[in-house]
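As structure tokens, here come the structures.
Same chain, two partners: chain A is paired with chain B first, then with chain C.
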Partner chain A sequence: MNSIKLIFRNAFRHKLRTGLTVVGLVVAIMAFGLLQTVVHAWYAGADAAAPNRLITRNAISLVFPMPLHYRDKIRAVAGVRRVGAANWFGGIYQDPKNFFPQFAIDPGPYLAMYPEYRLPEDELRAFLRDRKGAVIGRKLAVTHGFKIGDTIPLQGTIYPGTWTFTVRAIYDGAAANTDTSQMFFHWDYVNETIKARMPRRADQVGVFVVQIDDPARSAEIAQAIDRQFRNSLAETLTETEKAFQLGFVAMTEAIVQAIRLVSFIVIFVILAVMANTMGMTARERLSEYATLKALGFGPGYVARLVFGESVAIAFIGAAVGIALTFPVAAWFGAKMGTLFPVFNVSGETLAMQAGCALGVGIAAAILPGRSAARVKIVEGLRAIG
Partner chain B sequence: MTPRDDGGAAASGVIPVPAGIQHSLISLRGVSKSYRRGGQIVPVLNGITLDVQRGDFLGLMGPSGSGKSTLLNLIAGIDKPDAGEILVDGVDITRLGESELADWRAGSVGFVFQFYNLMPVLTAFENVELPLILTSLSRRERREHVEAALGLVGLADRMEHYPSELSGGQQQRVAIARAVVTDPKLIVADEPTGDLDRHSAEEVLMLMDRLNLELGKTILMVTHDRRAADRAHAIMYLDKGELSTGGDIHERSVKEARL
Partner chain C sequence: MKAIPIAYSVRNLWTRKLTTVLTAGGMALVVFVFAAVLMLDAGLRASLVASGQPDNVLVTRRASGTEIQSGVERTQAAIIESQPEIAIGPGGARVASKETVVLIAQPKRDTGVATNIVVRGVGAEGAALRPQVRIAAGRMFRFGSTEIVVGRSIAERFDGTGLGQSLRFGGREWTVVGVFDAGGSAFDSEIWGDGEQMMQSFRRNAFSSVVGRLVDPGRFDQLKRRLESDPRLTVDVKRERVFYEEQSEVMSNFIRILGLTLSVIFSIGAMIGAMITMYAAVASRTSEIGSLRALGFRRGAVVAAFLAESLFLAALGWAVGLALASLMQFVNISTMNWQSFSELAFSFALTPNIVVQSFVFALAMGLAGGVLPAVRAARLKIVDALRAA
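Moving on to the complex of A and B:
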């Protein structure tokens, strides 16, 4: 017989009570993990940003475009390796709820700047040859059942009319946090079509993606780019890709904070439940703690029994809760479709779940453990009857 | 046992310690204890002086609230007196700190409680093994000790049973095995037959007799039970915080019963 055995037997002494507490912990730890994954998904774009990529946009707002000729001026700035134009397309595929990001891009430089988008060489060549061709991510292909050669009709919102693209390539992500829910097609094709339909809106670019030689010089190069267009009709704002992505997150910061707050409230609630369980447990066992102390066990040993039991219950709840987080997150991510392009349970989330469970286990046992350690033998023995 | 009662004077602790006291296992000198109840201080023991020789089997009797259990608790080192000294085998346990006292109890005292106080989640074997966790014995040595102790109380065939699967008498025998497994000098028993039927009580008392006679254990037993008290070599009677010799135990019991 050892203390661990005693702790586990005590933990399952009241099977219903312990079972309900474990169920509560499972739900809480799982809910915490899911909410943290939602928060994480919000930051997926920023997390996937590369330090050697800058984004140049109109200084007034992202909704205002910049002239196409800026591209050559930006390319001429010292330290710039590549520049690619990109326009948010905002088309609807069949129904607005089928949302996924679409970009008209300079295919050559753009794809060269995103090595995390991995696509077969022959598919890339097919895409580059076909001006009405498109590259789609694996998640998008799976979600809607798209395959090579399929045509995707998009109803334009920013650029009116029906646009049809042919899938020429499907890319996979190099890392788990690579967004594979996007669609890319030729900026030139979109621009030529606009030129024919709405000439005044032609040769306008939403953002320029800029690849630089040295990430350490990003601030300096960004300033140099913006200096080029100072006092022009379309002044620019250049920032790192990460800062650009975080700008989007900042627009919905309150929602993210609310989700984060709720996730910790869930943990606080289960802490209260767990503390109640341990409090009841300690009160019921005062005579046993007194007996142990009479036999020569010190207050530290008695306190360790209480802490051990609390941590053991928390550990079981955490293990099941963490294990269930994966299928629940996968189901939730699938239900969300491409709204959350990257919806993976991160290592950081798992560590936070385990840490919270451990914290709950320890915190819930503080007062009961203290009472058990301090029980006076004579009074504790009297408690038996 | 050397009752230090001299017309009540011993209870006040004024009688000089006689020669030969050093042979006592237990020596109490002027021990007092009071409790605070509802803002009032209620004295329970008033200057108790007592000597118990090695190998004695002493019964402590007295009406409810007379301080019997308090006296037992003080001698067993699970409570502290307000005044006086308690020497057990030459150690003044009133001077020991909590941790030292716990160590002392683990090695020197075996406890038998009225309600057995076994751990319900542990088997009989594990309950008896419990005090041995505090020793440096190996697992094999612990097993040998536990088997010997359970064999002594006649429960070698019930080692894997949980307390809920044992009768009251069997549970008390497991508790006795737990009390002797560390081979303590002193066994304190607080109403060991108080929760048992006559037959079980008799078994437990016979067992305590054996511990005293065959193993030479010094036993202090608090009891209201006249049959239990009959097993003791001597009776001390405690009333209103004062200790006196038993006198006619039967007369005392009748008097107590009337009270």
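Moving on to the complex of A and C:
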């Protein structure tokens, strides 16, 4: 009990130095938490994927479409419950900076496959009734201040021209990691407009979302779907929604790796600062440690004092840093808008922050603790500051 | 006013080796991150600026943004090609290339992950329009055949792209007959073949874009005005260089904003480290400072000596950090460009500007960390200071 008191007294003897070290720790632990959260946000799409959904796309690459009649053939495959077409629309709302995902979908089956998009019954009916209607996510609605009944003009990049849609429904996410920054509208409406303007590009589908009865059979069903279209003009590639989403993450893997690397560099920066603090502290107190030893305390006790002080400082810094991570992450997430649709601090991140702080506390005390334990009583007593 | 010799500051750092190493080490890591981010951004820019020739003009469908999303009908392409501002080659043909640009997904060699690669079907003048493209191995593809040539970064990273091997896409086998080096530009991450052959196999009847050389770069505005107001066309006309700069805008902004935010956050840590070190240096040398003042050195001289010590620390950190960062020049980054949705390879580029910027950044850290302790040293009263210890 007494040694804990001694540790805390020691830690706050140099108020300025300890204070500065704690501030450094707070900043580092917070930065680490923020970066880990950014990495997590990258994987949000894959985390939210359901095991019973498959995505079928053109095997050449995503930019090539598939003919619409594939929908019926896929639906006929054993084990398939629902099929919905979805086209990436890629429209610009006012400025390219306001990016958010837009999909032209088969409203009935598509929304039925995504029970995590919760929308009121009457709004859903209004959307299904209006061919130029749109469903938007809560986060998107909040970001741009869209309300039910508003019209959203989009400048088409893939489908030329200006398109206007009326907001008929706003969906909320069932879970914290549900992406609510998307916009959906009727595939039929887009297709018919295209048919009038550019007949050759009509009846083409970007991806089919397929719901299956038994997630355990996903690999088998995916192969069965692809077999249907082998040696056709548009061969398909079917994979689980998770694999599809991870494919996107993998393409930007270099960036994720860099952020991850940098998040660990910040830990090394703070380790250097912390080790320096503990080193200076131990050097100044060599004569005290010698005194303790002369009184009969063993080298283990002296080393424990140094370790305890280091860990105590690290712990305080970590506690404040972790507490600050939440408001900072909330601010950063709001600033980034729809770029990171899901931006939440995870429990894993908190555990890693605490773990890193403990690691820094222990690692910083190794050298000073050793020299404190080894100091010879005579030399230590002779030493001056 | 007499100044305290520089050697005093330097030797103080030398006597406290562990502290100096740790403080400078922390700063070195911060300088490393700062410089690496700027180098990455510079590398990205260099790659994209190298892609665009100053006298080339690139025409895409209006508001399509990228070549992948664009479509230019044959008749439209013919109108664009025949504008008087487009140069005429020695054979009498226009120096312009009508191109088909698509993406194909191929697995990367090291990770096996399918990644989008740009396949560019070029016209007869396609290579002449990009003088930076040189065949490094094998030969150029022949028109009218299913031969392709691959960029250097593609050959390094993807299976089936060696000479004599073949890739299957668009329902045909394409034989690799050459590897080209595009001088670090975005073309290094592309596959080239005959545009007309690709139109056939991808069953398209519209090109993606038209690239042409201007007779005189100064006549660009005239061409742009005429083409964009032509009722038969709905196109965007851009200088090739501007087009490629816009392609990397999102990526470049992301790298810079994230990188600079991190550098600022990290530098707070490093400044605190310097401050702790300098405060300790002042505290342990109180009587020494008293002696210096008693010997006749003014307050200003004491401030200068301690600031010099802090700046030396920073300079040391800068040298180590920059040396580490310069090693990054051997690393190549390949990632997906969000805007074009395709693979883009580039490297870290160390420019003189970055050397200067990181030096100023490091000195600013040293200065910010050293000012308060130096002022405290100068404020000590001679009598009190001499009495200490």
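Basically, the second predicted complex is superposed on the first by the 382 of 385 C-alpha atoms of A that agree within 3 Å, B and C clash if a C-alpha of one lies under 4 Å from a C-alpha of the other, contacts with A are read in each partner's own complex, and residues count from 1 in each chain.
We adopt the following convention: a contact is a pair of C-beta atoms (placed from the backbone, for glycine too) under 8 Å apart; a residue touches a chain by one contact, two chains touch by 3 or more.
Note that the structure is a prediction, hence the values are computed from the model and not measured.
Of the two partner chains placed around the shared chain by superposition, chain C is the only one that A:266 touches, whereas chain B remains out of contact. Applying the stated contact rule after C-alpha superposition, one finds that A:255 touches chain C and leaves chain B untouched. In the superposition on chain A, contact is made by A:24 with chain C only, not with chain B. In the superposition on chain A, contact of A:196 is made with neither chain B nor chain C.
Contacts of A:64 after superposition: chain C is touched, whereas chain B is not reached. Chain A is touched at more residues by one of its partners, and among chain B and chain C that partner is C. Common to the chain B-facing and chain C-facing surfaces of chain A are residues 384-385.
Across the complex, chain A is touched by residues 73, 76, 78-79, 98-99, 102-103, 105-107, 111, 113, 115, 117, 119-122, 125-126, 129-131, 133-134, 178 of chain B. The touching residues of chain A, counted against chain B in their complex, run 1-3, 5-6, 9-10, 13, 287-288, 291-299, 377-378, 381, 384-385.
The touching residues of chain C, counted against chain A in their complex, run 18-19, 22-23, 25-26, 29-30, 32-33, 61-66, 68-69, 102-105, 111, 113-116, 169-171, 202-203, 205, 234, 254, 258, 262, 265-266, 268-270, 272-273, 275-277, 279-280, 284, 333-336, 338, 341, 343, 389. Within the complex formed with chain C, the residues of chain A that make contact are 16-17, 20-21, 23-24, 27-28, 30-31, 35, 59-64, 90, 92, 96, 155-158, 160, 200, 233, 237, 247, 250-255, 258-259, 262, 265-266, 268-270, 272-273, 275-277, 279-280, 284, 367, 384-385.
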